[in-house]
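What follows is a pair of complexes built around subunit A, which joins subunit B in one and subunit C in the other.
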Partner chain A sequence: MVTSVTSFGRSGLSDWMIQRISAWIMTAYVAFMVCYFVGNPELTYAQWAELNSSLAMRMFSLVTILSIAAHAWIGMWCVLTDYVTLRLVGPKATAIRIFFQLGMIAITLLYVVWAIDILWGI
Partner chain B sequence: MDNKRPVNLDIGTIKLPITSYVSILHRVSGVVMFFAVAVLLWMLESSLASEQSFNELGALFANPVCQFVIWATLAALAYHLIAGIRHLIMDMGFGEDSFAAGRNSAWAALILAALLISLITWWIL
Partner chain C sequence: MLNVSIYRYNPEVDSEPYMQDFKVDTQGKDVMVLDVLEKLKAEDPTLTFRRSCREGVCGSDGVNISGKNGLACITPLSEAVKGNKLVIRPLPGLPVIRDLVIDMSQFYAQYEKIQPYMINNTPAPAIERLQSPEERAKLDGLYECILCACCSTACPSFWWNPDKFIGPSGLLQAYRFLADSRDTATEERLANLDDPFSVFRCHGIMNCVQVCPKGLNPTKAIGHIRSMLIRSAT
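Right, the complex of A and B next:
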């Protein structure tokens, strides 16, 4: 079995499964948000803040940002390992890819911390 | 790793089927979404920080540059979501038994995404 130290779940099957579970969670979140905005065309700050400060909504948003992080990590890993290769980029490919992978991981973690800061700062 | 392995499929030299374009656009929209998450989080933060920032964000929606950024974010999200749901439907065992079914669902995803993006454009303008 081929494993990679920079993939999210350390195995293709695990990454595949996580990609699907996180996709379902994000789809549910988008569906909820679209219904909420369509149902509340004259949304006020008080309504919006009340919704997002409820425990249920905080948990839903937290699970969604964690899904975004895992999903993005797996997706960006696929793209980087497919295109930033020795064949397409040349001899420096590995160094360039590791640089972008670390950058991608840093941005992903930043998103998670930022989201938690927003959600628990209301 | 052995870098002298032969490349059996050089996609630069072959005519790509519609499924390839749908797949490549799925990747492109995914990479766009990776950066667009920052836009969504910024909007979430502004909308929740205070009533004043909530109202300021509402006023920003009239600015053409902001409208374009929001449009691009939502358009990428709409495409990525539809192309992703196509995969989830295939995971459940539908439309994955023939190349024809794959091509049909690729076209369906493209058309549905185009309709959704039109709706988003109409909603923003």
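Right, the complex of A and C next:
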């Protein structure tokens, strides 16, 4: 058993499931948006604001944003633990990796909070 | 004359590895890559490589042949030569001891981690632990692995994390014991695999399936392990 404190779910299985489920949610959101734009070629700001101020749409957008955050966290964590390692980068690898991991986590959380602020500020 | 280019490195003499070119007369025969290596070794005894059974059973002579990992003894020139040139390198990703011989300690350390032996603490029956033909059939495509390391050294996830990712060969063997009806340590085995590296560093690119000289499918076995982990954890 290899331990890890900076991975998203701490367990390989939970990370793997979150990656798959979040991918489906993002796909559904993109599909919905494409259908919406195709179905409303004469879209006005009033219609757009009305759509996004409904609770259902806000929830859908929020779940998608959380999915993007989790998906990006897991993906970037994999990339960093693949390429920024002692074997490939040298003795400073751990410090560099932790810096980028914490930076990435901070930016991800910042974006989530900002997105919630935008969604509920409409 | 066949042009052969071989990776050479003797750490006691060479400051860095280099490729040495040879010309070999195969008399137009479609011999195996190992035959070419043996012929060259007769001319230059310093050329170093592993070999034993010369029939694809022992798994000693895994090398990178014109860019693809395989066993030199069962790879014919017709499959390996491109533009009258044969390029032979050691299996990638593991330290080179000399020429085509690699240090497989890391590979075996991962194999050891999966406890590649039967665990059954129930009292042994008088004669033997029986399996039905159906239970036995589940081991087909798993027990045939000869641990040549062609698959694990073709896997980028194993290149980047050979100390944490078990690799396709070890995982194929892990599933061989998970699938065995006589083994009683399924839960413990699964618990040891549920971390972000051991199994889940496999991203399913299937290099292992492409190179396996025995035609086995580690990606499929890894999929089965994943399904077993889901079943036991949800």
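The rule we apply is simple: the second predicted complex is superposed on the first by the 122 of 122 C-alpha atoms of A that agree within 3 Å, B and C clash if a C-alpha of one lies under 4 Å from a C-alpha of the other, contacts with A are read in each partner's own complex, and residues count from 1 in each chain.
Keep this in mind: a residue touches a chain if its C-beta (ideal position, glycine included) is under 8 Å from a C-beta of that chain, and two chains touch if they have at least 3 such contacts.
Every value quoted in this text rests on a predicted model; they were computed, and no experiment measured them.
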Checklist entry - Of subunit B and subunit C, which one contacts the greater number of residues in subunit A? => result B
Checklist entry - Taking the superposition as given, does A:L88 touch the first partner, subunit B, the second, subunit C, both, or neither? => result second
Checklist entry - After superposition on the shared chain, which partner residues are touched by A:V5: those of subunit B (first), subunit C (second), both, or neither? => result neither
Next on the checklist: Let me test your reading of the model: by the given contact rule, A:L55 touches which partner, first (subunit B), second (subunit C), both or neither?
Outcome noted: neither
Next on the checklist: For A:I122 in the superposed arrangement: first (subunit B), second (subunit C), both or neither?
Outcome noted: first
Checklist entry - A:W24 contacts which: subunit B (first), subunit C (second), both, neither? => result first
Next on the checklist: According to the stated criteria, A:D15 is in contact with first (subunit B), second (subunit C), both, or neither; which is it?
Outcome noted: second
Item to check | subunit B versus subunit C as contact partner of A:M76, first or second or both or neither | outcome: first
Checklist entry - What part of subunit A is shared between its subunit B contacts and its subunit C contacts? => result 78, 87
Checklist outcome for this item: subunit B partner, complex, touching residues on subunit A are 20, 23-24, 26-27, 30, 45-46, 48-49, 52, 68, 72, 75-76, 78-79, 86-87, 104, 107, 111, 114-115, 118, 121-122
Item to check | Complex contact set, residues of subunit B against subunit A | outcome: 3, 7, 27, 30-31, 33-34, 37-38, 41, 44-45, 47-51, 54-55, 77, 81, 84-85, 87-88, 91
Checklist outcome for this item: Contacts from subunit A onto subunit C in the complex sit at residues 1-4, 7, 10-13, 15-17, 77-78, 81-83, 85, 87-88
Item to check | Residues of subunit C that touch subunit A when the two form their complex | outcome: 157, 160-161, 164, 191-201, 226, 229-230, 233
